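The letters A, B and C name the chains in turn, as written, and every chain counts its residues from 1.
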Amino acid sequence: MASSPKTSASTTSAPASSATTSSASSFRQRPWVRWGAPLLLVVGLAVLPLVMTEGANDTLARIGVFAVAVLGLNVVMGYTGQVSLGQIFFLGLGAYVTAYGVQSGWNIVLVFVLTCLIPAVAGLLVALAAARLGGLAIAMVTIALPIVGVPLAKRLSDFTGGSQGLSARFVEAPEGSGLYDDQWQLYLVLVIGGIVFLMTSLLVRGKYGRAFAIVKGNENVASSMGISPYRYKVLAFTIASLIGGVSGFLYMVVVQYTSPETMSFGHSIELLVAMVIGGAGSIVGSLLGGAFYVIVPDVTNAIDPSLTALLQGALLLAVLFVLPGGLVSLPRALTRRLRRSPAGRGSAAPPTTPSSTPGSGTAAEQSETERQGHA
Amino acid sequence: MGKFVQLVVDGLSTGSVYAALALAIVLVHQATGLINFAQGGMAVLSAYVAWWLTNQGLPLIVAILLAIVFSVVFGALVERWLMRRFERGDPDTAVVVTIGLLTLITGFAGWLWTYNNQQFPSLFPLDTVSFLGVSVSVRSLGTTAVIVVAMLLLQGLFVGTKLGLALRAVAINPQSAAFSGLPVGRLLMVGWGLAAALGAVAAALVAPQLTLTPGMLDNALVYALAAVILGGLTSPIGVVVAAWIIGILENLAAVYVPFIGFDLKVAVPFILIFVVLIVRPQGLFGRKTVVRV
Amino acid sequence: MTLLELEGVTASYGPVQVLDGVSLSVPEEGAVGILGANGAGKTTTLRAISGTVRAGGRITFDGKDIRGMRPDQVAALGIAHVPEGRGTLGDLTVRDNLRVGAYLRKDRKGVDQDIDYCLDLFPNLQERITSNASALSGGEQQMLAVGRAIMSKPRLMLLDEASLGLAPSTAKNVYDAIRRLRIESGIAMVVVEQNANLAFTLVDSATVLETGRNALTGTSAELRGMDEIRRAYLGG
């Protein structure tokens, strides 16, 4: 589970080392496919809001909101390996900043900037303290964010409207565009969310992404390479908080109302469940996670609302047991199984070749080598 | 003065509940090296079992004892069939598994018994006793006493019995313990079972006050984790003392610090953590590394 | 009468095959050495016997197939593994370490007697009886590790590099005590040792492993006489 960034199906993707898929990957690498597919996707997303029903637009927009929130969680947890149970707090914080700014009549660009900055600074402060403890302490500290956040939001009623919450309608389709509000909202989510996804996928594939992966893999190795685990954990957490803030802005775009309940402990857990089920450390997995977060409660509410948590818990455990890579790894897991079953006997794992080179010590016996000096 | 003493005693009582949960978390961590975020959830489940049994007409004390037995079995089964697979792997994945378990248990309790608050009968009368001129509640004294006794029993088990010795040996070095014929897997199940039992005691004692809901101990879990951070994962005594300090401080802060009040007192342990992190990064009692990686 | 028998035992760590058909035969009350260079598979052979590494081939103890058993099941049959690195339980006292060794026994009296026996065998432990194992010196820890193995009343003891990291005089003390133990108790032994001179003071016969296979097997006297053994392992 090291660095290898799973790329979105629309862009390049080369399933490593497999003769059977080489034709598929070369197909994907042809220039017109490489550039055509994303273009097609963009055009498709541009047209979609115009042709879907209002309900579908709303659902898709909410999926976009939570996909961004899950993406933020993925930066700190999926890519850097630090369990965070507080991501929803930054969504809530972003939503409050947006709502308060809009109600105060501030310029919307300023509101957006503050919606990025304030959660980022809050996240930075939390991470500076929590990351000092190392290990699972980040999980143990971040679990407090939603639990302290809810009563805090109720208390600071001058800013938050207390238990009543705040509403802010600030996204109306521009006059003359001919768009309905739901279409305009979805466009905003697609554009802002798309930019966040693009920037994040560049981030995790670049220099910082490699550093995150090394910190996730082994902190001692990271230190020996001059990569400070502490600094990169703080950085990842801060970025995750910033992205959480953006998702809060989008939340206000779509839902137009927030209350302390938005950042409840239950929702924080649901966000984590969604991330793992979608696929940890994966851009596409974040999209699937957003979809999971929105669709599962919608479905269970239709049947029996009290089933939601039970189902989420069961699905999470099931995924951890049978599909640790999350839904995003499902196609690969399936093709592997399909390929194995017919040719199973023929291409069974070859017997491990005996090592003929003398003194080929195993890792386990390597210690002997080191200690033998003074024997 | 009387109010102050009452607040301290009440704080000691809630602190004892956190301490029991925190000890359970330390117990599991020592045995299997992971943090069980479902420790509170498992305790709530046992409280529901006790509540259900009282509704079937059983006396409260019998119901609670049966629920503790249930917890031991449930804890052992969780170790064997759920956690065993993840114990030697990535600790972060194991944490996610315990969160999945928490979600599952909460969801199960909510589905079966609804998310409404249920009244849970109290073991202790709601009286107060006068002591040196100040009156303190019997329930607080009783809760503290029962949990202290439970901890002493556990301590006695660990230092005074062969089973306790074996549990300690497995916690220190499972493979080496196996070389002496210790059934490591079974002992881990026992460790989880004991931790669950401790949680069950805490849940049964605190349920009358909080009223029973599937998320009843979510807050208590957060306090317990704070106590674990402050006390140090390697120090059971440190964890208990930290839990008591948290319980007392939050109670005092709720009354004497106007901004905090009762609704924000959950922030107290974390303010404490931030202060401690700055002054004493190794925790109050623990060794240099507060949390083993 | 053969107590332990290995036939064509294989084992690998991931893709690396470490044992490629090791055979070994230990008679009742006998002591067999395993010699060889680093990575030849000595430690892995012991691990295969005690069930800490997955092995192929045939491993029988007292006529019973023990391959694939868990370490604690193997221990329960009477095989005590004194692992490389000693495996003492650091946060427990010396006495508690010895009591852990006797976990499977029900005879309290016998346990107390055997604790006394261990302390008689290793007088150094007597004065450290209430110290934590982690506070002991390397030699004392090695003694404690052997003592813990004795406490389980084994029929076979697997000794892995008992002299490792010890000063020569300490190593000699440890081996003297183990030899005394062997004579007094009749416990059979498989002895992995870098220091072949030391090993030959204890074992009746030995096998030399090379890249996971038996290269040479013979009695101590035969092997000692061979030039190649001398050059490679006896420093002469």
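Going forward, a contact is a pair of C-beta atoms (placed from the backbone, for glycine too) under 8 Å apart; a residue touches a chain by one contact, two chains touch by 3 or more.
Just so we're on the same page, UniProt names per chain: A = Amino acid/amide ABC transporter membrane protein 2, HAAT family; B = Branched-chain amino acid transport system permease protein; C = Amino acid/amide ABC transporter ATP-binding protein 2, HAAT family.
Values in this document were obtained by computation on a predicted structure and should not be read as measured data.
A.B. asks: Report the chain whose mean Cα position is at the greatest distance from that of chain C.
C.D. replies: A
A.B. asks: Indicate, using Cα centroids, the chain positioned nearest the centre of all protein chains shown.
C.D. replies: Checking distances from each chain centre to the full centroid gives B.
A.B. asks: Where the centres are mean C-alpha positions, what is the separation of chain B from chain C, in Å?
C.D. replies: The computed centroid separation for chain B versus chain C comes out at 43 Å.
A.B. asks: If you average the CA atoms of chain A and of chain B, how many Å lie between those two points?
C.D. replies: Going by mean C-alpha positions, chain A sits 32 Å from chain B.
A.B. asks: Could you grab the centroid distance between chain A and chain C? Build each centroid from C-alpha atoms only and quote it in angstrom.
C.D. replies: Measuring from centre to centre gives 51 Å for this pair.
A.B. asks: At least two partner chains per residue is the criterion; list those residues in chain B.
C.D. replies: In chain B, nothing touches at least two other chains.
A.B. asks: Of all residues in chain A, which touch chain B in the complex?
C.D. replies: Residues in contact with chain B: 77, 81-83, 85, 129, 132-137, 139-141, 143-144, 147-148, 151-152, 154-155, 219, 265-266, 269, 272-273, 276, 304, 306-314, 316-317, 320-321, 324.
A.B. asks: For a test of understanding, state which residues of chain C touch chain B in their complex under the given definition.
C.D. replies: 50, 52, 70-72, 75-76, 80-83, 87-92, 96, 99-104, 148-149, 151-152
A.B. asks: Residue numbers of chain B touching chain A in their complex, please.
C.D. replies: Residues of chain B touching chain A: 34-35, 37, 82, 85-86, 90-93, 95-97, 99-108, 110-111, 114-115, 214-215, 218-219, 221-222, 225-226, 228-229, 261, 263-264, 266-267, 269-270, 273-274, 277, 281, 289-293.
A.B. asks: Spell out the part of chain B that touches chain C in their complex, as residue ranges.
C.D. replies: These residues of chain B touch chain C: 162, 165-166, 168-169, 172-173, 175-184.
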